[in-house]
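In what comes next, subunit A is part of two complexes: it sits with subunit B in the first one and with subunit C in the second one.
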Partner chain A sequence: MLAISVMNGLVIGVIYALAALGVSLVVGIMNVVNFAHGELYILAGYFSYLFASALGMNFIAAMLIALALVFLLGIVIEVTLIRPTYGNDMYSLILTFILSIVLQNAYLLIFGPYPNKPPLWVKGAADVFGLFLYGNQRLAALIAGVAVIAVVFFIIKKTWFGRIIRATSQDREMAELNGVDTTRLNMLSFGLGCALAAAAGVILTPVFPVTPTAGVPVALTAFVVVVLGGMGSMWGCVVGGLLLGLVENLGAAFISTGYKNVFGFIILILVLLIRPSGLFGRAKV
Partner chain B sequence: MTGKKALLISMLILAGMCVLPLGLGIYPQHVLIVSLFYVMMASSWNLLAGYTGQVSFGHAAMAGIGAYASGILAAKAGINPWIGICLGTVLAALIGLGLGALCLKMGGIYLSLTTLAFSQILHIIIVNEYDLTRGTMGLQVPSLMAEYDKLVYYYIMLAAAVLILSILYRMIHSNLGLNFRAVQNDELAAKSLGVRVLQVRVLAFTVASAMAGFAGGLYGHYLLLVTPEIPSLDLQFYVLAMTVIGGMGSFIGPIIGAFALNILAEKIRDYGEYHVLVFGLIALVVARFAPNGLLGLWKKFKPIKPIQAVKQKAFPTP
Partner chain C sequence: MKCKRRITAVAVALLLLCGSAWAQDTIKIGVVGPRTGPAAATGAAFEEGIKLATEYVNSKGGVMGKKLEIVFEDTAGAPDKAASGFERLVTRDKVVMVLGESHSSSALAEIEVANRMKIPFIVVEAWADEITSKNYRYVFRAGPSNSGVVSKTIAKWVVHEKFKRAFIVAENTDWGIGIGKLTENAIAKAGVPSESMITERNSQDHYVELTKIKAFKPDVVLAYIYGVGLHYFVAQAGETGVSSKAVTLDGAGPPSLWPDYWKNVGDYGDLECFVSSMHEKVELTDLAKHYREAYTKAFGKAPTDYKSRSIFDGILIAADAVSRAKATDADKLVDALEKTNLKTTRGMAKFSLEKGGAEYHQWEPPMLVIQWQNKQQVVLYPPEAATGKIKH
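Right, the complex of A and B next:
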């Protein structure tokens, strides 16, 4: 029971970390919280279901197309909705919140309230360290999640583009003075943030099917992870995501399944009370 | 508009509102009562978003707190609904105070995130605590009066809306209202002029939460059934859309928005459950292209009266 809860916690924790990285990237650079993050996560799930199950494409191709489409949609959202609100954080909150409701209702209209599910990548189950049998699909999701996080870390920490991103989130004006086109960077990083939500979506939906509102708890958990880890901190997302995944699953196993999502909220309140800047956050000046 | 003229017009509108339902059937009366509930919700939410620049996503949750507190007290403990509504209002205010004090020192985004999380948690608790709340089935609550009468409910809601609106009007046009505006426009400048930014924000959040709790309590005892639909994101979205479309940061905007959208929702319902999607699209377009709402658009295109030059003495020369 304990071992399998920890395993479940790790799998979902990696996905939380992935979703939170997308939120954190956008918060770090643009100081915008995208409330439609969960709906983009769901959209990627719908796309991969549509391409793989309905059109019969290879599941990897379906996932890649889903990622690309959500990335493009993110760019469109940035250009049409977010760009005019630069400097007014409040309007970007309102606009993305309205967008999330619009998307939820559009999904309801198009796909109906029923759960949809893309095909499994792998079948069967494996014996984990001789402790328990675990679904191969969940193990694959864990590996894929870790791989994507590694790629994101490589891009941000090692490449020139990542250097630009880090510079801009540290000091926007200074980056501009050094020739960074911050408008274009905003667009790209918003698209990248959406693509990370999409990555979490395509990895997790074979395990947890998509419904029009299934994105809300995931996005909410991602927000809690971002606050827990410290706004804009990448390691905070990883540690916070794993921590929240473990707490939720252990809490569900040993306390109550109905209150699974409440534990995250309790953590949020504790963080705000004890260390409002988060685990890895810089204290606000 | 001068104060006297505004007062006269609002008195005329109020008199009109008093006679309006008399000739109407039960269904239009119901639509008006629900609209008045939304007027209270949108106007108090506007105090937060429009006047102090804090976007709360937990306003519907506060209405839910008021509705469930009063409903549970009345249905389970047999307490008079009026006392229950007062207690629900106080509870919503206390929770608002707690949430506000908790996250407002970290800035606006934290309030939005925390209130969104709070409304989800409240939803989960209500659905799970079946014995107390009857979950998604809804809790049956007693009526406010011995004999259920829509017209009496209409006048109760009208009186409540007038009460809330006049409190809001007094607040906004007082020194406190200036502080609200100052905090919204430039936090740092307000701070430097001695405005206690945190206290002002927490106060606005507490007052707005109390108003939502009050409106929610009344609404629950009108519907006679309190369901998780009240503290839902959908209702929160209605309130936000009404305020944004009507005109955020203006006193009349949310009132117009509440009536317009609620009546529009009833019209769209004839064709199916598309009203949320339609509102969403309208709100998106309005928020993007006319951030001050329909009222702002009207003000923008209204011919501006030439301002009379103020006769001013030249600087006295010594």
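Right, the complex of A and C next:
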């Protein structure tokens, strides 16, 4: 029981971290909470289902097109909805909340109420060290999730673009004085944040089929991970995601399966009591 | 300019008058159910049943010489929305009766409104016993109840198939917790050892639950999980090796019949069992045959989700009561409903008047246990309706 709970906690934790990274990126740079984050995750799932199942495309091509489309949609959302609200965080919050409801209803209208998913990348289950059977698609999702997180870390930590992102998130005015076009950076960052939601969506949809409202718990978990890890902290997302995944699974295994979601919130409250800015968050001076 | 305004005002007034006159030509009945939310598929099934029932009733002359009109209010599966939606149907739409619902938690909120506003309410697909055991005068149920499904179908099937160890897994809702507990008691009485577990309704991941189930080594898993959660459960039961050792029963039914069931669960869906009140080879009345034909003609496919037929029956029962009452007064409608003796697709509908328990104002239609065998539905239980034997 312990082995499979830890394994499952790690897999689910990586996925939580991936979903939360996009939220964290947008919050860190733009101070915008995107309430439609979960719906963009779902949109990518629907796209990959549409391209791979309905149009018969190769699943990798379907995933990449889905990612690109959600990235572009993210840019459109930033330009049309978010940009006019700069200076008032509440407006962007309300707008993205409305957007999430509009998207949920649009999905219901277009794709119907039934769950949808693209074909599995790999079928069957693997015997893990003779201890338990584990779905091959989940293992593939784990590898893909770790790979995407590694790429994001590389971009943020090692590239010129990443340096600009970090500089702007630390001191926007100073970055502007040094010639950073923060308006364009906002646009690209928002698009990247949406693309990260999409990455989580395309990786997970073969495991967990999407429905019009399935994005709500995804966004909620992502927000919990971001707050747990510390607003805007990438390492916070990874550690927070893994912690949440492990706590939920170990709690379900050894305490009660009926309160799986409650354990995460208990940990969140405990962490916030001790460190109000989250595990890796910077305290405001 | 003034003259133009007057003409416009007169035109608007005439239109409003005509509107109210037209409104009087119909008898309005409200339907509550989830058109959005995790069980929006039930709303889609309800819409199909509403269309067929309305056409059927109106083709037979309507109700009290007027056309029947159905107003469908979305409850999203949330009790607060359900209660306010019910109230809107009564105050805004002036419906004479309300029926529907498929979430027990929502129905439990709605029966309080029905009782307070004194509006007859026929629940069709919310199973919690508390809905009728409160013995409210204005609340009826023309559909399965937890205790009825367990005592008349599931527990008997478990004994009939000679299962030796059962695991009960139930979602943490009024329906899930209630039916899980009843099953536990019923199969314990029958001498079948079992273990139970509550699972989170919105959980996508059931690996931990399935590992616990596997350790118990059951030969049957009774799963009370509704919606897409059932698809996750069946697929993951296959991945973790549970379904290769035990038969899984979907204790609700419709999710095993949704169009994307096979795509979502893959080969792991074969040999899964589910309860249902509908099967093409078990038509209890000629009305059931009419329903199947009308459905196929209207939607270009065979009916699968039995909840579309449940709402069809519910509307027929409501229309029949209004016709016999020859009035829209709530108390006269309740009196008429209590005297219901109507042929529906699932047999003769007749509400029990025995007070004190969940039987009050309850009509329990027969249910079947069906198994997927090579993607074909094989009826296993009751024996008199069986079309094949269980496969492991």
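Assume the second predicted complex is superposed on the first by the 283 of 285 C-alpha atoms of A that agree within 3 Å, B and C clash if a C-alpha of one lies under 4 Å from a C-alpha of the other, contacts with A are read in each partner's own complex, and residues count from 1 in each chain.
The working rule: a residue touches a chain if its C-beta (ideal position, glycine included) is under 8 Å from a C-beta of that chain, and two chains touch if they have at least 3 such contacts.
The shown structure was predicted, so the numbers you read here are calculated from the model rather than taken from an experiment.
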Three-chain arrangement built on subunit A, subunit B and subunit C clash or fit: clash
Which superposed partner A:Gly162 touches (first subunit B, second subunit C, both, neither): neither
Touching partner for A:Pro217 - first (subunit B), second (subunit C), both, neither: both
Contacts of A:Val227 with subunit B and subunit C, given as first, second, both or neither: first
First, second, both or neither for A:Met90, with subunit B first and subunit C second: first
Touched partner set for A:Thr80, first subunit B, second subunit C, both or neither: first
Partner chain in contact with A:Phe265 - subunit B first, subunit C second, else both or neither: first
Residues on subunit A lying within both footprints (that of subunit B and that of subunit C): 105, 217, 256, 258-259, 261
Residues of subunit A defined as touching subunit C within the complex: 1, 4-5, 8, 12, 53, 104-105, 108, 112-117, 120, 123-125, 132-135, 138, 208-209, 211-214, 217, 249, 252-253, 256-261
Complex contacts: residues of subunit A adjacent to subunit B: 27, 31, 33, 35, 80-81, 84, 89-91, 93-95, 97-99, 101-102, 105-106, 109, 216-217, 220, 223-224, 227, 231, 256, 258-259, 261-262, 264-265, 268-269, 272-273, 276-277, 284
List of subunit C residues in touch with subunit A within their complex: 36-41, 43-44, 172, 197-200, 202-205, 207-209, 211-212, 215, 228, 231-232, 236, 238-241, 258-260, 263-264, 266
Complex interface listing, subunit B residues touching subunit A: 49, 53, 55, 57, 102-103, 105-110, 112-114, 116-118, 120-121, 124-125, 127-128, 233-234, 237, 240-241, 244, 274, 276-277, 280-281, 283-284, 287-288, 291
